[in-house]
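Next up, some structures in structure tokens.
Here chain A shows up in two complexes: once beside chain B, once beside chain C.
After this line comes the complex of A and B, so read on.
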């Protein structure tokens, strides 16, 4: 019976779809989690997330290029990825939150979206001014790790390591939110900003810290993906759309939702690529549409509490 | 340019004055004397004729400056692979034309005596934005002509507007055959100075039939939009004619443009049984795909047929996978740099490398080719016009059906009533030459334009499906 079932299913195909789906899902999660964190705490749908991704990728590729040009030790590329994420995250986190968003808290959400969209366009121009139109390559970290053959299919270690990175990020955020005092303060602010403020929580500092965290995660996603792509103008645009789709599917502001939504999209998309390649573009947005029809708040977002 | 604008403005004002005066004299002024009215009308008529004549005389004198609008991608994903090399090629050729430094037959200063000013602007933003840009350049700036356009989508949007505004427009790079096969079957103002995309697919099918006759099949990965779909369709149809024993897969991959991540697609390609993989990827998508494929050993397991890999060859350097079949949409870029030994190519290559510190690629050659086409046409028309500045109609007549020398190849305007160029093509296998420090091509095959382009008056798909009758491949 088992043999019959095994004969029925193409085990290699199933394994390949699951692995491809997990890798792509991890990429989506790493890209989307920063946007989710910011929305969850600050109720800001942050379009500038695409810029943080792009600046993270550019800075990592730029520094990586210099590093490898001088034939410095290979592992330095991995340090550069995290360094670039932190530098971009802290700088733009403070700049955008203090320079733009603090003036918009309490305003209509549409205005906030438009303001971040304007900032996104401005940052695209600034990126072009700083880095120019030439592509930057930072392939060394991906190439140096090599590849492994599993069930007749080759996978490179670098892309497999994205699954580990996504797990580390999700576990870290879970631990931070549920096991630390700062995380509990954050949850209190998420639950009720006014009451938290009345109880002495420094909401301004919480907002700034959260925004820097989200910005750093956005920059980390760009820096981590940079070794697998050609870093060039416009890379942030596609990412905003994808991140938004994942955030909507999982539930606006829900980190478990972003994780499950990413994996769901990744696996369904991988299945489409292997069996119905023409449907690849369609499936992500089909899932989004179905979720919006049956659960408008997303898969994991709690029903919104209406204050009276 | 300023002179032309002033003349046009004066003509506009005088025409208005003439019309208003005529209306006043005929219908408004209270003069019952019919004789007076007729005399006044004759006077106005004479004035109108003199005005028109004066304008005609003004048009016929030599011009000291002409303006060419040059659209190309200066921002976004198309900029590094196409836009910037195209801009560089344009700047180089126009500066050289103005100084009279281009080798013969283009070694006279300017175009028909006029110094050339290029307005190089961004092609990004989609068809609607580009139509607005086009109208602005014509109606507000009064440019003499357009030369450029990379994207097939932009060309499709611009074609009817160019005809409507009666503005000479020479497409330099965009590949879709639909321009003259569907959108503008009777063109007047629109030209294209290189072969269209069907030539790429047919030449590649010839190459595969010749070099890989025992391949067990081919599959593909192409961006899911007009360029990717047309490229696959033409190659697939040509393969059915030229190598029917090599079967195509019906599970080709269709990622969206600028997707950037191709892990699952690479798995599917690794699992596919076919030896050959066709792709028309370009720009950042092509480079990302190559990095991700290299990391998984993809290029050691499959032979890739890459129709625009020439745009990335020099940027990738030693990371360009050895053994790929590399296309450059004609004998441009790497093929010209390495294999063409004419004074024109030598000059262009040296001047480009000295100025920009890198090798010219296909868009550099193609844009320079379009500008040379304009110089050829204006000067031919001016010569036929006793050396006076020619009208647009005279320039069009000069370019229709003409043959002129581009930078890398001869261009015959031999299709679509003389508006579609026909050029030779080349395909070969890429590798990295450590001594030169550059990518090179080997096992190169050249194809005549009449072998790989549909005959005049026939659309590409009909020709391919009908067995490519009339192709002259001797």
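After this line comes the complex of A and C, so read on.
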């Protein structure tokens, strides 16, 4: 009986699916967490997130290209990833929040989404002006870390390090939200904006700060993925819908939800790739639709508080 | 209500366009055809938007119907009337089925659920070899009730055919919006509970809207497939296509059933000239225009036209 069961389960396949799923899930989480943070606080479904991703990837690849051209030390690539993320995040965070969203708070949520969509299109065009249409390559950090063989499958350490990065990001956000005074102020603003304003919280500053945090996370996701892809025009387009899907599946605005949702989607997608490749591209959206139909508030959304 | 100004105006415009069709340059006629297709989808969005619902996934019906035309081609069907009506009806049927799920949702959930459905279609189309994967399928030049024109005559006939279709669509939507069911539109947007107390089912009203909207998007997709002679998942079913439709709807405004077509013409003309100066310019212009419209002209081109003519808004 046990033999029969073991025959059914191909352990190596399961291991491969789990590892691939975990890597892809980490990628999804890193991409989507910034969008979830911004939605949680500002209730803005931010399409420009795709632009932050693209600009992060482009800036990292561009700087990395210059760095390695001058044969500077290899580890510099990792510094560049974080540097690019912070530069892009702070610049676009301030630009979009102060220049655009500030004028739209309190308006119909469709209008806000459409405005960010408009800004996304404009930024796509500007990106093409700055970086052109030729691909950029930034593979050195991936090469530097090398490869490892686990149970007959070759993985590169760089992709595996994305899992670590995802863990670090989620732990830091958890620590920030529940253990620091700023995090608690943020939670107060999320819970009730008006009351916290009345209590003396500078909501404008909290909004700007959150937005810069979300933007930086978006740019970091692009910069961190850049070594594993060729950086091309249009890379931000797919990210927008992927992030939408993860945000919806996990529960709009819930960070633990985004984490579990990403891993779930990652594993299901990996299983689809190995067992049923035709479904690879739509399995994420199928899960998204199913979640919306049966649990529209998301799998792990905190219960909504009824305000009187 | 004996003389409906909109219907009179649209009739005159359609007759004029039908005459002009024989004299205009080919590229202008092509822009006209594309505008008819995009305008039909935007008209579908208008029907929904008047209740306060925005779909981010209308490429679902547009792409479904366009692929319907291509696949009917493979079965040997060539007649434009059959192709367009069957494909659009299939889209309407799809909308009817999905409507049972979608009608329960409002606001951003409605938008996201419709988007998810359209991305599922994209994933299926892009990964199925029979549907040409990411390359898509070719569409043969259609025949019109046995008449099989070639070259320029084919385009001229298709233009007339397109005009006939959109004339029918505009009349149909105008009559619907004037009916009791159509009048519920604003009522549902303003206060759903009150509508329920009046004895109407809000979900039923929205379901019918969704079917009409899907049907209109289906007509748009079918016209597009015939006008371009090709269907592919990237431009027919991806979320960016849905975004463009919403863009046209916002550009046009919801003031009148003719507005989506005026918006679509503006959209296609800008696109035509922007592409001549490079693809990067196009996205920049589109983004900039959309931002400007949202910020400064929230009621779209139609409201500007109204102000130019000197008419004030009727019921707000």
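By definition in this document, the second predicted complex is superposed on the first by the 294 of 308 C-alpha atoms of A that agree within 3 Å, B and C clash if a C-alpha of one lies under 4 Å from a C-alpha of the other, contacts with A are read in each partner's own complex, and residues count from 1 in each chain.
Convention: a contact is a pair of C-beta atoms (placed from the backbone, for glycine too) under 8 Å apart; a residue touches a chain by one contact, two chains touch by 3 or more.
All values derive from a computational prediction rather than experimental measurement.
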Combined model on chain A: chain C and chain B, fit or clash
clash
For A:142, using the defined touch cut-off, is the partner it touches chain B, chain C, both, or neither? Pick first, second, both or neither.
first
In the superposed arrangement, does A:263 touch chain B (first), chain C (second), both or neither?
neither
Touching A:278, do we find chain B (first), chain C (second), both, or neither?
both
Once chain A of both complexes is superposed, is A:228 in touch with chain B (first), chain C (second), both, or neither?
first
A:296 in the overlay: touching chain B, chain C, both, or neither? Say first, second, both or neither.
second
Answer with first, second, both or neither: which of chain B and chain C does A:85 touch in the superposed model?
neither
Pick one for A:120: touches chain B only (first), chain C only (second), both, or neither.
second
Touch check for A:128: first (chain B), second (chain C), both, or neither?
both
Contacts for A:103 in the overlay, against chain B (first) and chain C (second): which applies, first, second, both or neither?
second
Can you tell which stretch of chain B bumps into chain C once we superpose, 99-107, 135-143, 261-269 or 459-467?
135-143
Contact residues common to both interfaces of chain A (with chain B and with chain C):
128, 237, 277-278, 280-281
Could you pull out which chain B residues touch chain A in their complex?
74-77, 79-80, 83-84, 224, 251-256, 258-261, 263-265, 267-268, 270-271, 283-284, 286-288, 291-292, 294-297, 315-316, 319
Using the touch definition up top, name the residues of chain A that touch chain C in the complex.
45, 100, 103, 109-111, 113-115, 117-126, 128-129, 237, 240-241, 244-245, 248, 277-286, 288-289, 292-293, 296
Sort out for me which residues of chain C touch chain A in the complex.
54, 101, 105, 107-109, 111-113, 115-117, 119-124, 126-128, 239-240, 243, 246, 250, 279-291, 294-295, 298
List of chain A residues in touch with chain B within their complex:
12-13, 16-17, 19-21, 23-24, 27, 128, 133-135, 137, 139, 142-143, 147, 153-156, 158-159, 225, 227-230, 232-235, 237-238, 269-270, 273-274, 277-278, 280-281
